[in-house]
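These are the structures, in structure tokens.
One chain, chain A, appears in both complexes that follow, with chain B as partner in the first and chain C in the second.
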Partner chain A sequence: MKETPFWRRMLKHPMALIGAAALAMFALAALVSFVYTPHNPREVDLDVQHQKPRLMDSDSDYWLGTDNVGRDILSRTMAGARISLRVGILIVVCAGLIGSLLGAVAGYAGGWIDNLLMRILDIMMALPGILLAIVIVTILGPSLQNAMIAVTIVSIPLYARVMRAETLRVKSQEFVEAARALGASDFRILVRAILPNCAAPLIVQITLGMGTAILETAGLSYLGLGDEPSVPEWGRMIAEEFKYIREAWWTVIPPLASISLTTLGFNLLGDGLRDILDPRLRGRS
Partner chain B sequence: MPLLKVDRLKTHFFVGSPFRRQKTVIRAVDGVSFELERGETLALVGESGCGKTTAARSVLRLEEPTAGSAVFDLDGELVSIFDLDKESLRRWRRKAQMAFQDPFGSLNPRMNVADIVTEGLRIHRLCRPSAKWERAAELLESVGMDARHAALYPHEFSGGQRQRIGIARALALEPDLIAADEPVSALDVSAQAQVVNLMQDLQERMGLSYLFISHDLSVVRHIADRVAVMYLGKIVETGPKAELYENPVHPYTKALLSAVPSLDPSAGRSVLRLSGDAPSPANPPSGCAFHPRCPMAEASCANAPQTLVNIGGGRAVACHLVTGSEERSHSPRKETK
Partner chain C sequence: MTAYILRRLGALLISLWGVSLLLFLMTHLIPGNPARAMLGERANAEAVAKLERELGLDRPLYEQYGRFLANAARLDFGRSIKTKRPVAQELWARFPATLELTMCAMVFAVVLGLLLGALSAARRGGALDFFSMTISLAGVSIPIYCLGLLLILLFANGLEWLPNGGRHSDAYAIAGAGLIGSLLKGDLGAFRDAAVHLILPTVTLGAVPLAIISRMTRSSLLEALGQDYVRTAEAKGLRPSVVLFKHALRNALIPVLTITGLEFGYLLGGAVMTESIFSWPGVGRWLWLSVLARDLPAIQGGVLFVALLFMTIVLIMDLLYAAVDPRIRAAA
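Now for the complex of A and B:
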């Protein structure tokens, strides 16, 4: 009996599809922004400060208005999508790979190696993430890249713990022992028996983590620890325009909404993936 | 020369944090000796927790033994299993495989059947990747399954079929010995019969030797040549199947056998009930471990050593009350009072 293919199962989870659609929209915006934006996102033009969006003023050239130095908000939001998606994916992939490796080694080796690694991670998790990230960025110097490094480091313990828990669960199953009885090396067991069976929770965690990574980077950027203001990063955009919120309230909404929607999109997708992947991988009872 | 000779095997587990002085010792296997001839099936029976699974896993070095020796006849050369270094151990594994108990947990859900059964061949580089499907088909057919099943995944099969796949996997390396750890306990009765018959068939065709672990005495009666009864980490009685079933000597064996249901309604059944709780391997009773529950126990049993003594006819028993008056002069392990 063949089981239902992946894509068909996805159709049964509308929430996951909504999440995927939202992300696709931003991805599209990001890709399009490489070749076209309505205006130059970095071009400063003090004659058109705080123009209203077209919804409010039908003469406006700017769909979402301009910011305090005349830059088109729509263009900046599109360009910002490039940055945020890249940030989310890179951080999570790096933290995920490093964390998974640590977690798998800790879980499989057990004993003092496990103890040592877990205590180190405990210490990392005991410090508030944002504080640790701020410290790292302050040491390395403010730039988007350093903010990304900081968030990566702070995210590692989460993936390590998930991977370790999964490794422990899989390790105790008989097919792992069967592989040992056949004469498989530890490496082979890890790669062929343990890792493939740990994939599902990890995939879900990674998807959920992307939203958080974007949020945290935006937060650091907001605090001034990212790149300089001309770079259209969403968090930075909010920080810059917040002071003008009384006169030009529309300037804050696009970046804010973008952060929220992207995070929401990743969360919905992640939740849906968890449902889709897990029961199948657990097998029929 | 026997295929496998196990002598005074001990596997102890130490429980307790490294900071504590007192560590609890669990004597899972506490001085087990037996021999297994080529082409024969030796059944290790006993209740849950008696150490039979740990004994088999220790012999296969899936669990590191604490003491004792196991000598294997590797094509004429005698090999001490417990002294093998990592590389030699890996090569020796081709000769001794295991069939597992849980049909649901013993197959990797992420690998298809062809990969599962040929994995051993690929680990030991005995099969070119291009020949994988061919070899898988052969192996599946030898366990009575359709070769077309090779592309499917474990969750698409029934429990009985999965056990067959597990057996096919064990057979791939053409071992001399297969340790079967309760291979049919998780199956329904008809599937049990099929798998047991398959195993006997394979044994005849391929000259396999089985170390058959089970708590189910009716299955054991069907497949075993000799039986060793274990209690709390020690063997209490051994003997050829027919005689052990007809004429059990050790009180524990008698109790076990009396509990086996019989299909004959006219055979009156008097179940020998054991009193007391099953003891804990962390805190075994003194002297003969069985004495608190033994219907025949006397005061001297609390101090009596529990050594296995030959009583002739291939039988041995560890009960000083039974052997006290039946000592044979050529038993290698004489009991001393």
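Now for the complex of A and C:
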């Protein structure tokens, strides 16, 4: 029986589509922010502190209002999308690559290599992720780049575990045996036979991990372990404006909604991809 | 079972040793001299060297680690650079507040999560299923600090129904109070005040575990409802609620139990965020303030304490899991 193409299965999955649409909106905002933002996201103007959004004050020049030093919140939220998406992509690419490599080697080699690698990862997982990330940023010094490094390190065990489990499953299959019988080297078997067959769960993990990465990095920024306040990073924007929540509550809503919607988008898309790519889950809710 | 318990205990000790080594090496890479940090930037070199000798910082790294490990085994983590008080004393003073918050968040998450998950599975595809799954999806998607801030914005600043932070009002600022403390003292006013202060932090901290537990309960229960023994129970004419709660849910609870244990770890990590948002005087907020102050002994002691707590809880859950499911013992 001919299998339904991936895109057609995707179109039949409303939740995955909603997630993809939310992410497309933020990706578009991020792209547009390279060439256009209504105002300069970093420009301070103390004459227009805490201006109300146009929805609350029709005379306002600012669609989403201004922050405590008069910077345009819409422009900062758009520039923030650029930062957050970059953060998410870089973290999952780095953590995914290192984690998958470690997991694949551990699963394929077995024996003491597997034991050693897995025990090291177990130790990393024995600490709640955010705590380990906080310790790492403390060591490296607070900055967005160091927050990203911390979240990357914390995320590695997750990808390694997924990849190891998949490698163990795939390596006992007949086509791997066949490759070995034909004299293929371990490296060739790993790269050509095993890795491509482990892609589906890894794609799902990467999609779900993107949301978590953005969330955790923004969390570190919120705790004051990210970049300096002028950088339009969503977590930092919330932390800066929370002090004025009584008099200017509207200033925290855009970054807050952006983080939540982006994470929701990645979660919906990840869940959808799991349903679509995993043959065991097809047809189940 | 004894062999299994001993094996798991051994694994816990090895993990704990690994965490202590990781933590020691990591914190010793922090730029700056801890002795200078304790004495202040204006301290002269002689005084710094003297303190370094006193603290053993002039000794080789392996010797420092040996002493750190021996002290940590006695729960002696040295003195905080910021407050000059023993770290263990600071931890114990704040631990009841964190324990109270995490326990309340866990009870909130487990009770509501099981209920929502069971109702969703029983009414699969219906409005209730959609509603509860939307709540759980929102729970895992909204960052903990965003949810906390939204709740403060709505219930504390907007509606003014609940306080926006702290463990009690100024009128009830009695040392060692809290929910249990005030109850033991028979002070109902203080109890009510403590309970009201707990609501928003509990909901914030419990939201993610609630979402995960309800999703897990739903999928596990759906699987159990398709089993032959459920069909047999239904064929015997048992009431649907009896089939659901007495037969299917009991079997579906095993994976939920494991997840619940792991979620404790999340709660301990999440407590750093929640406590900082709500100015909750617990271990998490103290740890965060120690990080900002680069208080080395406090960070080491605090993180090791949380790791020990987390691993102990996971161990207890594993043992419970093995006690209810003999297959786990056999596999191990």
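Observations, loosely collected:
We adopt the following convention: the second predicted complex is superposed on the first by the 277 of 285 C-alpha atoms of A that agree within 3 Å, B and C clash if a C-alpha of one lies under 4 Å from a C-alpha of the other, contacts with A are read in each partner's own complex, and residues count from 1 in each chain.
By definition in this document, a residue touches a chain if its C-beta (ideal position, glycine included) is under 8 Å from a C-beta of that chain, and two chains touch if they have at least 3 such contacts.
Predicted model, so just to flag it, every value in this text is computed and none were measured.
When both complexes are superposed on chain A, chain B and chain C end up sitting side by side without clashing. When the two complexes are overlaid on their common chain A, residue A:20 makes contact with neither chain B nor chain C. Contacts of A:139 after superposition: chain C is touched, whereas chain B is not reached. Once the two complexes are laid over each other on the shared chain, residue contacts for A:118 go to neither chain B nor chain C. Put chain B and chain C next to each other and count what each touches on chain A; the higher total goes to C. Of the two partner chains placed around the shared chain by superposition, neither chain B nor chain C is touched by A:104. Seen from the C-alpha centre of chain A, the directions to the centres of chain B and chain C diverge by 90°, a value given as a multiple of 10 for the model superposed on chain A.
By the touch criterion defined above, A:92 lies against neither chain B nor chain C after alignment on the C-alpha atoms of chain A. Look at A:242: by the touch rule set out above, it reaches chain C but stays clear of chain B.
Once you line the two complexes up on chain A, you'll see the smallest CA to CA distance from chain B to chain C is 12 Å. Residues 60, 62, 89-91, 93-94, 97-98, 100-102, 104-111, 119-120, 123-124, 154-156, 166, 169, 173 of chain B are the ones that touch chain A when the two sit in their complex. Residue ranges of chain A in contact with chain B, taken from their complex: 1, 173-175, 177-185, 188, 192-193, 196-197, 281, 283-284. On the chain A side of its complex with chain C, the touching residues are 119-120, 122-124, 126-131, 134-136, 138-139, 141, 211, 215, 218-219, 222-225, 235, 238, 242, 245-246, 249, 252, 256, 259-260, 263-264, 267-268, 285. Against chain A, in their complex, chain C makes its touches with residues 14-16, 18-19, 22-23, 26-27, 29-31, 124-125, 137-138, 140-146, 149-150, 152-153, 157-158, 265-266, 268-270, 272-273, 276, 287-288, 291-292, 294, 299, 303, 306-307, 310-311.
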